[in-house]
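Alright, structures below, take your time with them.
Paired with subunit B in one complex and with subunit C in the other, subunit A is shared by the two complexes that follow.
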Partner chain A sequence: MIRLTAARLLSSMRRAPHALVVPLVVGASLLLSAPPAAAQDAIFKLDPASRNVVDLVMDSAMAAGLPNRSIFSRALEGIAKKASNRQIVDAVRRRLVSLRTARARLGGVSDDELEAAASVLEAGAKPEELARFRARPQGRTQLEAFTVWADFLARGVPKDEAFSAINKLWQDGADDAIFHSLWNNVQSDILQGLSPGTALQNRIRETPQRATASAGKPPEGP
Partner chain B sequence: MSDTEHPYVEWIAREAKRPVELDRGARDRVMAAVRAEGAHRSITPARRRWSKLLEPRVFRLSPALTTLAAAGLVGIGVLAGGLKNWGVRKDGRPLVDTATQSPVPLQTTDTVVKFVFAGPRASTVSLVGDFNGWDTTKTPMARDPRSGTWSVALPLNAGRHVYAFVVDGTTWANDPSAPLAPDDGFGHASSVKNVPGPTL
Partner chain C sequence: MDDRKFTILATLSFALLVPAPRELAAQLVSGRLEAGQYTVSDGVLPASALRFAPSFQFDLPHAQISARGAAFLSEQNLQIADGIVSGTFTTPTVYGVRAEMIGNASRAVDERSLGSDQVDVQTRIHVPFRQAGGLWFGGGVAKPWRVAVISSADVLDGGVWGKLGDGTSKFGVATLTATFTNFSFSKVASVRDSSTALSCGAATVGALPTTSALDDAGGTACERQSRFSDMEGVLRWEVGPLEMSAQAGYRLGDSYDVTPDSRHWSSAHATVWLNERVAIIGGGGRQPALPLRGLPARSFGMAGLEIAYSPVSRGAPPVALPHIMLVKKFEMQPGNTPDMRKIVIRVGGVERVDVMGDFSDWSPLTLVRRGRDLWELNVPLSPGMYHINVRTDGGPWMAPPGIPTMHDGFAGDVGLIVVPK
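Right after this comes the complex of A and B.
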C-alpha cells in the first residue's frame, strides 16, 4: 500500500508540469499577443501639450452637447496617418468649430448628420448654405446629401455649383438612392476625364425629373 | 533511578523483547477483517474523483517553467487591465462622451459590410477607420488569389463611418467605390460609408 501511494505521488509529480503547460502557454501567448499599452491607448502617442489640447477640445464638445467621438476619432486618424502634433491639434480644433457651427445652423439632428455637416463645412461650404437644410420632413435624413456634397467639394466641384445641385435635389425631395446615384455618375464621369464642374452639370440636368419621378422608389441601375 | 526499581525495569525490557506468539490463524483473521472493511466502504467513482482532486500533491517546477508561469500571469493581468481601462482617460473619465450620442440607441452589430480593395500587387492590405480606432493592425484584409482583390467583412453599427485602406503598411488609399471624406489636413484621403439603419 505504501508502495502504491509512492507510485501515485511520483506519477502526479511527473504530470504536474504537463498540467501547468497549457495555462502557462496560454498566459504567455496573451502577454505576447496583447498590444502594448501605448497601442491600446494611441492618444498617448501625442506629446503632453497636444494631448492636453485634445482633452480640452473634447471637454468643450461634451459641454456643448456635441459628439466628441468625432473629435477623438479625428485625433486617432491623425496619429495613424503619422501627422504632426500641430496638424492633429489644428484638425481637432477645426472639427470642434465645424460641429458647433453645424449645430447652430441645423438644430437638433443626429450625431451622424452633425458630423457629416461638419465635414461639408470643412470642405468649404458656407454656414448659411447649410442652414437651407434645417427643415426636413419627418423620417428624412440629410446624411447622404451631406456626404455627397462633401465629396463633390473634395473632388473640386465649384462650391456654388455643388451647393446649388445638392440644395435643388434636397428641396425636390430626393431620397438617399438618388443622391448616391448622382455621386456614382459624377465620379464616374470625372474618372473618365470630365472636369468636376462639367460632370455635375451634365448629371444634374437629367436628375431632377428622376428625383421627382422616382422619389421613394428603388434606384435605377448604373 | 533507585536500585529497588531496577528489577522491574529489567522485567519490562525482557517482556518487551519477548517475541509475540500468535496462533496460525491470527494473520488470516486480521487480513480477512481488513478486506471486509474495504468492501464495506465501497468507494464510488465520484468519490474517488473528488478524492483525487482534493488529495495534496507535490509540484516541482524548473526555473524556466516558473519564469513562464510568471510571464503568463503578468500577461493575463496586462490584458485584463487593458480591457478594463480601454476608452478611459488617465483620470478615469471616459474618452468619448456617450451621453451626447444620438438619442436613438445604436444597434449592436446591425449590418455586415464588405470592404473590397483592388490591389493585385500589394503584399498586405488592412482596413482602418473610426470603427477600429484607426488601428492599422486590427483589421487585415484577405486576398483573393484569382482576382487579386482584397476584402474583409465587418459588422458595423448604423451611421456614418470614415475609413481608408493601408497598403503594405505604409501607403494610404481611399475607397474608389465610396464618397470621399474631405481633406483633414493629414495628407491622405479617406472615404465615407453610410450604413443604413434605424438611426438614419
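Right after this comes the complex of A and C.
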C-alpha cells in the first residue's frame, strides 16, 4: 500500500514538474518510513484478505498516531514463524488495541516504550495497572521495567504479584540494573524449581534496600 | 498374581504418574503405561488377555535411552511377554550430516518356548533436512540367543522420512516414513527335516557333518545362507487430540526364507487423548514373522487406555533428533561503532546458527563461526527494545537463554533485548 502511494506520487510528479520539491520531500519521507523491499515481499505471503486486514490495521494505527511499524513487524514475525493467516490477523489486531490502550494510559512516550507497554498488556497486565507508570522523571525510561514485567507474566508469576513488585520498584526509583538483577534472580530461582510467585516474593524482599539507594538520587535531566 | 511381579508393575505405574522435578521433567523424562485387552492369533494359539505395557524414555542432548516391556494377566498370573532396553547416541551435526549409534537388548517370550534374547548394534548416517525430513542409511549386526537355527545376522537399512504441517496447521502434522531393511544370516538345518532338500540345495554354504544337538539322529546338517528384505511404509498423523498411524510392508526373499503368511502385512493404531495424560487406544492388523526371534506371523487386535507422562512432544520423528536447545550462552556486546552491537552465542555441535527479530524485519541472519562453539554477528541496533529469536541447524525458533522472554502469540516464545542509551 505504501508502495502504491509512492507510485502515485511519482506519477503526479511527472504530470506537474513545477511542483517537484514538495512531492519529492513527501515521497522521500514516505519511502524512508516504508518497510524495506524484502519485508514488503514477505507480506505477500499472506492471502489477499489477510493482507488487506493488515493494511487496514496499519492505516488505523497511522491515523491514530501509533507506531504502525510495530504492527507490520508483528505480521512479519508471524510469517517468518509460519503462523496461519488467522493467527497473524489476530496478532496485528491485538497489537493495535494494545497500542491504543497503552497510549491512552501512558500519554506521550516513545514508540519503543509504547511497544513495550503493548507487550505487557498482551502478556496479561491490566490497563489500569499501566497507568501507574504514566508519571516519570525526564530521562527515565520504562523499557526495562516493562520487559521484566512481561517476562514475569509469561513465566507464570501471578499477575497481581508481578504488578505489585514492578510498581513498587518503579515508584522507589529503581534503575535498569535493579530491574535486571531482580529478573536474573527470579528466573534463576524458577529454573531451580521454585514456584514463580514464591521466587518473586523472596527476591523482592531483598531488593528494596538496593532500590532505596538509587531512589535517593535526583532525577536526571533539567 | 505373583507378589514380586505385582510390586514391580505397581512401582512402574506409580513412577509414571509422579511428576518428575520441573526442570528434569521439562526436558528429559517421558513415560507411558498401556493397559487393555490384547488379542493375538498366530494360527496355532489364539489368545486374549489383559495386557500392560509400560515404557520410559530419557532424552539427553546427544543420547536417548528408553525401556519398554509388556506383560499379560492370564488366569491371575502376570506373564512377561517381552522387554527391550535401547540406547541411541547421536554425534553433533557436521556439514548437515549426523552419525547415530543404536544398541538394543531385548527378550521376547513366546507361549510355546522359553523365549529368545537378542542384542543388536547398529550405526547410521542421518542427513536431516531442516527437521522436516531426512534420509538415513546404516548397518549393524544382531545376535540372537536361544533361537537354535539362526546365526548372528547382518542388518543393512536405509530410509527416508518427511513431515508435513506443523503444530499450528489446521490439518495437524503428518509424518511419512519409508524404510528398507535387509537381513542376512545363516541357518543350520538337519538333512532329516522336510525342508532339507531345499535347505541343503544349491544355496548351501557348506554341508557339514555334525553331531550337533539339533541333529538328534546324529546325521549331517548343512548351513545355508538366508536373506530377506523388508520394505515398509508408515504414515503417522496427528491432528488435535487424535493420533493415527498406519503401516504396511512387503517382504522380499525366496520361499525358503519367507513364509507365505509373512509376505505382506499391515496394521493401524489410533489414539484419542482425553487430556494431557489419558488416552483411549485401539488398533489391529497383522505382523510378519520374526525369524531372528523365532516368532511366527500373527494377527492382533487391541483396545484399552493409555496413561502418559510426556512433557516433551508426544509425536516423535521416526529417527531420533536432538530436540533440546543447546545454546549455552547469549550475549549482546558493544560493536565497533556506537550504533553497532555484537550478538555472541555459544553453542557447540551445530553447523549453523541464525537469529531474527524486528531489527532484521524477521529475516534470518546467519552468525559467523569464530571458534569451536563461538558464533558472532554484528548488527546495527540503536537504543531501544527489540524482539529476537535464535535457531540452530534450521530447527525451531526459540528465545535465547539469559534474557527476558515472553510468549510471541504464535505458539512460541521470543526474547526481549533492551539496548540502553
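Basically, the second predicted complex is superposed on the first by the 173 of 222 C-alpha atoms of A that agree within 3 Å, B and C clash if a C-alpha of one lies under 4 Å from a C-alpha of the other, contacts with A are read in each partner's own complex, and residues count from 1 in each chain.
Assume a contact is a pair of C-beta atoms (placed from the backbone, for glycine too) under 8 Å apart; a residue touches a chain by one contact, two chains touch by 3 or more.
Quick caveat, the model's predicted, so the values are computed rather than measured.
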Touching partner for A:Ile43 - first (subunit B), second (subunit C), both, neither: first
Which of subunit B and subunit C A:Leu66 touches, first, second, both or neither: first
First (subunit B), second (subunit C), both or neither touched by A:Met58: first
Partner chain(s) touched by A:Glu77 [first = subunit B, second = subunit C, both, neither]: both
Larger contact residue set on subunit A - subunit B or subunit C: B
Which superposed partner A:Gly193 touches (first subunit B, second subunit C, both, neither): second
Shared subunit A surface residues [contacts with subunit B and with subunit C]: 35, 39, 42, 73-74, 76-81, 83, 87-88, 90-91, 94, 110, 112, 115-116, 119, 122-123, 141, 143-144, 147-148, 150-151, 153-154, 176, 183
Footprint of subunit A on subunit B - complex, ascending: 57-62, 65, 68-69, 71-76, 78-79, 82, 85-86, 89, 95-97, 99-102, 104, 128, 130, 133-137, 159-160, 162, 172, 179-190, 192, 194, 196, 199-200
Residues of subunit C that touch subunit A when the two form their complex: 21-23, 166, 168-170, 356, 358, 361-364, 384-385, 387, 389, 397, 404-414, 416, 418, 420-421
Of all residues in subunit A, those that touch subunit B in their complex: 9, 12-13, 16-17, 20-21, 23-32, 34-35, 37, 39-43, 55, 58, 61-62, 65-69, 72-74, 76-81, 83, 87-88, 90-91, 94, 110-112, 115-116, 119-120, 122-124, 141, 143-144, 147-148, 150-151, 153-155, 176, 183, 187
Interface residues, subunit A side, partner subunit C - complex: 35-36, 38-39, 42, 73-74, 76-84, 87-88, 90-91, 94, 110, 112, 115-116, 119, 122-123, 141, 143-144, 146-148, 150-151, 153-154, 176, 183, 191-193
